[in-house]
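See the structures that follow.
Both complexes below contain chain A, partnered by chain B and then by chain C.
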Partner chain A sequence: MTVAAPAAADAAASANTVFEPRLVAFVCKWCTYAGADLAGTSRMLYPPNVRVIKLPCTGRIDIAFIIRAFSQGADGVIVSGCHPGDCHYSAGNFRARRRWTLFRDLLDILGFDLRRFQCAWISAAEGTKWAATIRDFTEEMRALGPYTAMRQLAGERGAPVAPRAAVWHGRPARREPEPSADPATRARSEALAGAIAAALTDKSIAAAVGWTLSPTLRRPRPLWITAPEEADRLGLPGDSDGNLARLLKHPQLTVRPLGMVVRHAEMQALNVLRQESQVAEQDVVLFAVARDGRFLGRLDWDAAVAALAADAEGRVNGFSPEVEAEVSRVLALPSAERWDYWRTQFARCIKCYACRNSCPMCGCEVCLADKNQPQWFPTAADGPGNFAWHVIRAFHLAGRCVGCGACQAACPAGVAVNLLGAALARSAAGHFGHHAGASHQDLPLQAAFRTDDRESFIK
Partner chain B sequence: MARIGVFICHCGENIARTVDCSSLAKAVLGIPGVRFAVDYKYTCSDPGQQMILAAIREQRLDGIVVAACSPSMHEATFRKAAMIAGLNPYLCEVANIREHCSWVHDDKPAATAKSLDLIRIMVEKVKRNQELKPIKVPITRRALVVGGGISGIQSALDLANAGIPVALVEREPSIGGHMAQLSETFPTLDCSQCIMTPRMVEVAQHPLITLHTYSEIEKVDGYIGNFTVTVRKKARSVDLKKCTGCGTCMQKCPQKKLPSSFDAGLGQRTAIYVPFPQAVPNKPVIDRANCTRFTTGRCGVCQKVCGPGAIDFEQQDELVEEKVGAVVLATGFQLYGIGEQSEKMLKGYPEYGHGHIKDVIDGMQFERLASASGPTAGEIRRPSDGTVPKTVVFLQCVGSRDPAKGISYCSKICCMYTAKHTILYKHKVHDGKAVVFYMDIRAAGKGYDEFTRRAIEDDGALYLRGRVSRLYQDGGQVVVSGVDTLSGRNVELRADLVVLATAVRPQPDARTTAQLFSVGYDASGFLNEAHPKLRPVETAAAGVFLAGACQAPKDIPESVAQASAAASKVQILFSKSELEREPTVARVHRAAPPLYSICQGCFACAGACPYQAIEHEELKDRRGQVIKTVARVNPGLCQGCGTCVATCRNKAVDLDGYTDDQVFAEIAALGAN
Partner chain C sequence: MTATTASRPATILSRAALDTWCAALIADGRRVVAPVAGATGVDYQELAAGGIPSGLGEGLPHQSPKATWFPRTEPILRLERKGQEWTVSDPDADQTRTVLFGVRACDALAPEILAPLFGWDWHDPFFENRRARLALVVLGCTKAVDEACFCTSVGTDPSGTGIGDVTLTPLAEGSFAAEANSDEGERLLALAGAAGAPADPAALARTRADARAAVPVRFDPEQARAGLAARFGDKLWEKVSRSCLACGTCAFSCPVCHCFDIQEEMCGCQGVRQKNWDACAFPHFTLHTSGHNPRPDQGTRWRQRLNHKFRYFPEKFDRTLCTGCGRCLRLCPAGMDMLADLQVVAEGAQAAAGPTVPMPTAGPAVAVTQAQDNPYRPYRMRIVQVRDETPDVRTLRLEFADPEQATGFSFQVGQFGLYSAFGEGESTFCIASSPSRSGYIECTFRQAGRVTRALRRLDVGDLMGFRGPYGNRFPVERWKGKHLLFIAGGIALPPMRCVIQWCLDHRADYRDITIVYGARTPRDLVYQDELAEWERRDDVNLWLGIDWKPRADGKDLSDQAAAEGWPAINQAEPGATVLDPAQRRRTAFVPQLVEAVKPSPADTVAVLCGPPVMINFTMQVLKKVGFAPDDVYTTLENRMKCGIGKCGRCNVGPVYVCKEGPVFTAAEIARLPPEL
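Coming up: the complex of A and B.
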């Protein structure tokens, strides 16, 4: 592909002093594109560093476009559209605004310099504002210098997998006691097994999924049963990080109604799945188990949510205190150190997609990562590929991740995948009062909006 | 391999001054897929277009990029040229190197390099463009008009006279609206009912108009060309088919002392009533909230005296479905503080004592006093004691133009109708004195300024520029305490009657109406037009038009003009048998075997769609078993914003014309170094 030297580079070569940044603008065609037209008809001069990509609405701007622009060498990206209330499509920009808030918080924990990503409302009448915004942005980026962090990721791969002891699992290492060891535990799991056996006998469920102690792992692992006599193999989940709700998304496992042993994390996940029409109330029969192992009974949906609510105590947005503490620690680092932290983390990733497969929310039949027309992420397990994967994965879980920690437990390389989810859960709760899985009636975070959502960051 | 042609326009000197077009044309040839590139002085001119036509044919181009002015200027021109040459118009793109480049930069090498980038973006996009065909939507050639005031009547008659069947929905028992209540109209002083009632009768008799009075809109489904509107016909308790309108029931009804809302609370009516003698339909309705039969279960006199047996106490609300292709909203306005006696207090104006002082009335009440069909048969008599007031004070801008009281806009009609009131008053009470407090006299309109001058100069109304701080009762009179800002003096007048020109406000349920029809509304609650200047009767919802004061305060001529404009917009829409829409709409993935979609059915897109364009579709196997429920975009409703695409996690939905593939290619085109 023949490539002409960019305008900026030409100018830089001749002046040999000033750095000329490359700026990309994603704008809506009704307001900002027309505002830029007006700047033209009014002959307002501004630096030639910006390249405009026209879209119908700010609502169309995918965060993947922004990431791609940076990885293609942009030094700054600006997104702009109609002022709130003026959207040609009445509310596309309200959705965009929410998305930008979440995306900025995600970039923030990654240690990305937020000055390089600007948001603005520029109407068709604001040619002056467009010219001034581009002028200021160009100046700011000239002063900031070239953006190299994303490009440096290229070729970074295969950082040594952390030694087993150092792998971050978001909680202290521990072993489960043997079920037979404690008579109280034994009695509890017998009550649970009895209820499930009864349900299988009276055919109110076609199959059940619960937990059993793996003799090799010496930890609970999921167990499917279809006959009452198998029920005595069932044990208690303990605080296993797996989330049984993920089994509902499996296209082959279409047995309904399905009995399920649910803890707080499963119930939260079920709420989100029900919001998203992935499970119906009649599809599952719930056998609730409290954190301390008490069997709370075969409960209907709302009763199970209420009965398990107490288990949220001590957790923040569903996440364990250990994860929360780590998020706070990372956020307190200077941004350059944050970026380095994540570079090390992502360099470890081998793209096995265990995080995706263990997640109760990641339920797409064809994942974006598996699509190649267009190619959404670089497929290689290297710096840019891993960065795009983890950022987009985290963003897809914004407002949906219930903090069960299944991904964290599944990651063989000990990448701190859970932290991004926790940071976004903070953002969702802080800015929008949204708590993933709080109720099956909530609107999806990224589809809903309020006209008074925060926008102090938008110029 | 693509065969793209690039045409670089000099736009005279406009582009060529700052962009080196000929070297640009050479550089463009280096972009993969570009087979042909040329620069030309005026590409939009006829020879310019002929050049494009020839190049497409001779070079067998399968896509073109015109680097010229903004696409808002000439995209349509170039697409048409492409179409004439046999190329699908959506395979033509415009690179904006004038407004976004040559006009805003002065450094020629930099502007030339930027132009090359802008062209490269568009070349990469056009390589991935699909041949799109305009979406054809069938049209139901029948219209719905909501509101039976003068605007709704005008729209309905215009449409029906053009041969289009119309359903007219009015929530009151009779059509006529506010105009039927007026005595005379400015600036000609012709009797309102004399010009209004013939139109009402015309509506009732028109074979193409279906009239639903005492009815409200319950539900709206569908989209432009194909709306299904559910109308709730409220139980009238009178069978309209049997009733002859003889009026015996009203004469015999024992419940006679209910305030008549038609007479703005000044007159009285029975519990079974027609709102006014010229009502259309001229058949009564039972006010169930106040009828003795319904409140106590006893009575039933009307049923006994009704010859044809039309009274039906058991009648239920009825839901009627109207299938229409277009909607005209003419839902009108309310006056600030209008309502039943008990709610008459003007919120924010306790100092005017409205509702407490009997002789402080609003403009509509004065209309009824002046009307020959009103409670005083046209004699100006004040409500407290029925005497003829010798001094009448009129206060303008009560509520209007007062942000502190919540309304910042001008209600537009009050200056004129106050002038009219003074004239009507002076014509009826020759020795009376009319005093007007005003802020500014806004009399822009044909014959309007002459009219206000006439009130002042010929009929001797005293106009004082200033505001009134307080009204209070003193003996049999109302003391008006105000200021005359021109002389700078405080003024205290003793009035027999005070008339408040209260603000025009949106209907109390205007927002509900707006939401039903997906139409925007402003901060006050007036319905929003699509563009304040160029599309004043269209709305953001395709196929829904506005007429009259539901959009903003308007007088009768303006309302009628807009109503006719809305009717003609509907006729334009109906002039074709099928509707053609821009094909840049969203599409949910479908594939073999035999019908499959990667859509997960989470319907996040449905939550994000501003147009309710996302439908559910069941994918079934060969035995008819539902495999899964997935999303489907209704192309008739989709406006192509693409919010669903950015919301969809696995990109099961894409937007034609702005696909993910295209956008990524555009970004990649920038990754030059």
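Coming up: the complex of A and C.
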């Protein structure tokens, strides 16, 4: 699989009339690989177009593998493993099934040709099914021809696409009111600061995170303090799009319990983090602030969730109506136009990772994008590099993204980063009834499974 | 952009004439990048045929046009593998002539500010090629966009007078006065069609003066420079950086931030090595493979950003590395405020006359000869010998695969190079062999990261890459007639082997040569054959030490070590130990062993290399026994990518370790910021 080869293959396709697709199969070693072996030892014929990559379990099939296969020139990818209930590790394929469902939706959202990504359950005894599946898949891909959309992207390797018109800018120009300007605001702000100062004084919290205004532009800016006398620097969040739950990952802010000024967005994020055992109830002390700026007091977890629930009104899966309207518009486009839409969006990306670093959920100690052994992500801010970054990030957030919009507000290049999250949130709700951050008692979407999760696309 | 001697007076162009002019520029075969208004703001965009600069005069575009002269991803090398053979070639140079049309003065100044860096002594042909093909039509501002504009504080003229090739000054009636600043500007203006009416020079001057007055000066860069030096160790940095998210927004949106990473990607048998934008805010920026990070927290990283822009760069290139566009304030998702921080440090600071840190000179610079146009293209080297020094340390001996390249190649004692495993990337090592043993170079490395792992997979006959030599050298001629004391720990003997070999090959020039070398265990001592040879020589005093740290179960292994021929020294009082010259292998940490050896500082030069903790304690010992910091040399290994003073990664204080280093004296290091 070389850069030049796709072009050569295209040429061959036109010259020789028969196009030979390159297919990659990621299979579990216990069932499908054994099934393929059986097909071979049984002398069953099937086309040699497929490269089989053996993995311990379908649960090990990282979607980064699939993206990489496509961006390195595959015309089709098939993933396959043990039938549900037959997993040699008990539940790997149940988890894989959830992931494939979400990933398939993600590909569809992107305008990817779904026929090129197939899933199957093939047991060790089903050599015939393997041979037939590969025969059919190869025939179908041969008929479809080379996957030019991905190759076009691969051709953009090493050279960023010139950004086209901005479609979506996350950062509206706005100013926050000076805390001292309006007496009502000032009183609320002082009440909040007073409560935090009291908590720092009685040592029920070791530090507090809240908002202050940046000196020059007077914009809300996160601040953490450790002494009660610093509390008067804290103000109201206004309608800042940042998410303070992010600061739970601050490498220098390790003391607990941590006082936190929470709005609906922070509360949702905290719910997800608690589902995932990334934060415990006793780690944070909540100072709730409503969307209209009212300080609701120092509340315990459930009370804060309840008190802030009203702020979710008008939002869908946590996302604002404007984001939802844009998602609906994009999803209604024909798939080729969707593909073009996202390519244009990703072309703007400069890979500053502000989306990741502002996200309360992106908390891996070392991000997959920063690992280089192996290097799953192309590092460049070019066609394949940006595609891999945004798709894998969206997938890692599927079922976790609470729609706070911190990434969108952070993006300095105006990429519509949270639209993918909003679209995937619809999938999570539609397939699994999952609403990220609705409650800390829910099970994390991708870590959990039900044996009766429904799907209709796995052969 | 050569200045014209007698410029035409400014002519008046209508707004519509500017659109026509853009069309003419495109028709002339130029790529025109101009501000275009979108749904929610203005961006610099390439105009398609028939496109108009609809965002002209609508504030400042979101992103800087930096990618025009410094793309966010730029191929610098193409790789191709055929079997075990590799070929490397330069990417095609971009031939496009670009006009940045309606660019603001703060953006237009950036290439000029960066030119000294990219053409410092090594020339970066990628930047220079793009800049040579770039023409700037600057649109003067009439007012500040918002409070984040501080161009006048850093010497940028918002009216754009004299900046770029053509200056457009917006006039009250909606038209523009166009003035050419260069011959290229005259050529561009000639494409604008029929010359408009001449502008009234007095009115034009007034408009421009008003523009300058409209942006208030917020701080004095000279005071900021002094303040940054004075408050380097201040708690301020930790406090102001608390909200920093460690993303790259400020650097990537900055027109003059130029730090980059070098990465390579393979697709089948073809690959590309490319520069990618990088940012000092990223924790990985300075992270060593060992896990040591010289800038371990966001406070030190933010401090570096401000110091680099307003202190180090000006002291080196006489220009502030900032044009005052204010994007880092506007776009920061966490509301970081560089301007406010600068105002704080500048307040009350006494402007310093000269550099705040004297430039190190103990390691003599080596004249640069750029043998090939593309300084990033490595020589292809053939591995002719592979030696395993320890279970995880290996030495490769390399010869030029293209013998004609060998004839022009020379290096000096202490220089380093970048070694590449094709398809994986580059790593920095000192050249471990001496120039006095010519015909080959050697590198010794411990398997630690992606590249060293890949290098370990290579065998005799395989190809790898080498570029260099880079950096300064040891002043071996100044050491003539002196005693020499070499002190190394663990994997740090290889960087010193070059200078040791040189001195042994010129043995008559020097007096006593003492080598103190230590490692964790006897198995971790590298160059065993050479150590045995040095041990045999009666003109070399070799002392070897091993740690034999107590095991996890608390059992002291020193008895076992003694039984194996490594008796311990008096660890509590190393200085009181009387060493038996017949027993040169001892159990002792390197600093203790040095103290026990009792080197005399008289007429002696010490050369030291090792991990930071060893350096630290050994320095204390050398000080105790009376060595002057000027007589203690070391070679630094910072994280490096380019090796030629461009990528910004190894910058510490005024120094680019790859250029002014890697050889420094202890006295020089003591003056540098503690970021090593």
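Operating definition for what follows: the second predicted complex is superposed on the first by the 421 of 459 C-alpha atoms of A that agree within 3 Å, B and C clash if a C-alpha of one lies under 4 Å from a C-alpha of the other, contacts with A are read in each partner's own complex, and residues count from 1 in each chain.
Rule of thumb we're sticking to: contacts are C-beta pairs under 8 Å (C-beta built on N, C-alpha and C of every residue); 3 or more make two chains touch, one makes a residue touch a chain.
If you're wondering where the values come from, they're calculated on a predicted model, not measured in any experiment.
Novice: In the overlaid three-chain picture, which partner chain does A:373 touch, first (chain B) or second (chain C), both, or neither?
Specialist: Touch status of A:373: both partners.
Novice: After the superposition on A, what does A:72 contact: first (chain B), second (chain C), both or neither?
Specialist: In the superposition, A:72 touches chain B and chain C alike.
Novice: So, A:332: does it touch chain B (first), chain C (second), both, or neither?
Specialist: Neither partner.
Novice: Now for A:413: first (chain B), second (chain C), both, or neither, which partner does it touch?
Specialist: Only chain C is touched by A:413; chain B is not.
Novice: Looking at A:184 after the superposition, I want to know if it touches chain B, chain C, both of them or none. Which is it: first, second, both, neither?
Specialist: Touch status of A:184: no partner.
Novice: Examine A:61 and indicate which partner it touches, taking first as chain B and second as chain C; both and neither are also allowed.
Specialist: First partner only, chain B.
Novice: Which partner chains sit in contact with A:92 here, chain B, chain C, both or neither? Use first/second/both/neither.
Specialist: first
Novice: In the overlay, answer first, second, both or neither for which of chain B and chain C A:277 touches.
Specialist: first
Novice: Would you sort A:223 into first (chain B), second (chain C), both or neither based on which partner it touches?
Specialist: After superposition on chain A, A:223 lies in contact with chain C alone.
Novice: Which parts of chain A are in contact with chain B and also with chain C?
Specialist: The answer is residues 1-5, 72-73, 373, 375 of chain A.
Novice: Touching residues of chain C toward chain A in the complex: what are they?
Specialist: Against chain A, chain C makes touches at 36, 38-41, 43, 45-46, 62-63, 67, 71-75, 91, 146-148, 238, 242-243, 245-249, 251-253, 261, 263, 265, 267-270, 272, 274, 276-277, 279, 282, 284, 297-298, 327, 329-331, 333-337, 339-340, 449-450, 453.
Novice: Mind listing the chain A positions that touch chain B in their complex?
Specialist: 1-11, 22, 24, 34, 36-37, 39-41, 43-48, 51-53, 55-57, 59-63, 65, 68-69, 72-74, 87-92, 95-96, 99, 131, 276-278, 363-368, 371, 373-376, 396, 443-444, 446-448
Novice: Note which residues of chain B are touching chain A in the complex, please.
Specialist: 27, 30-32, 70, 72, 96, 98-101, 103-107, 109-114, 116-118, 120-121, 518, 520, 540, 584, 598, 600-608, 610-611, 629, 639-643, 645-647, 649-651, 655, 657-658, 660-661, 663-668, 670-673
Novice: With touch defined as at the start, can you tell me which chain A residues reach chain C in the complex?
Specialist: Residues of chain A touching chain C: 1-5, 72-73, 154, 157-160, 162-169, 171-172, 213-217, 219-224, 242, 246, 250-253, 350-354, 356-358, 370, 372-373, 375, 378-382, 385, 406, 409-410, 412-414.
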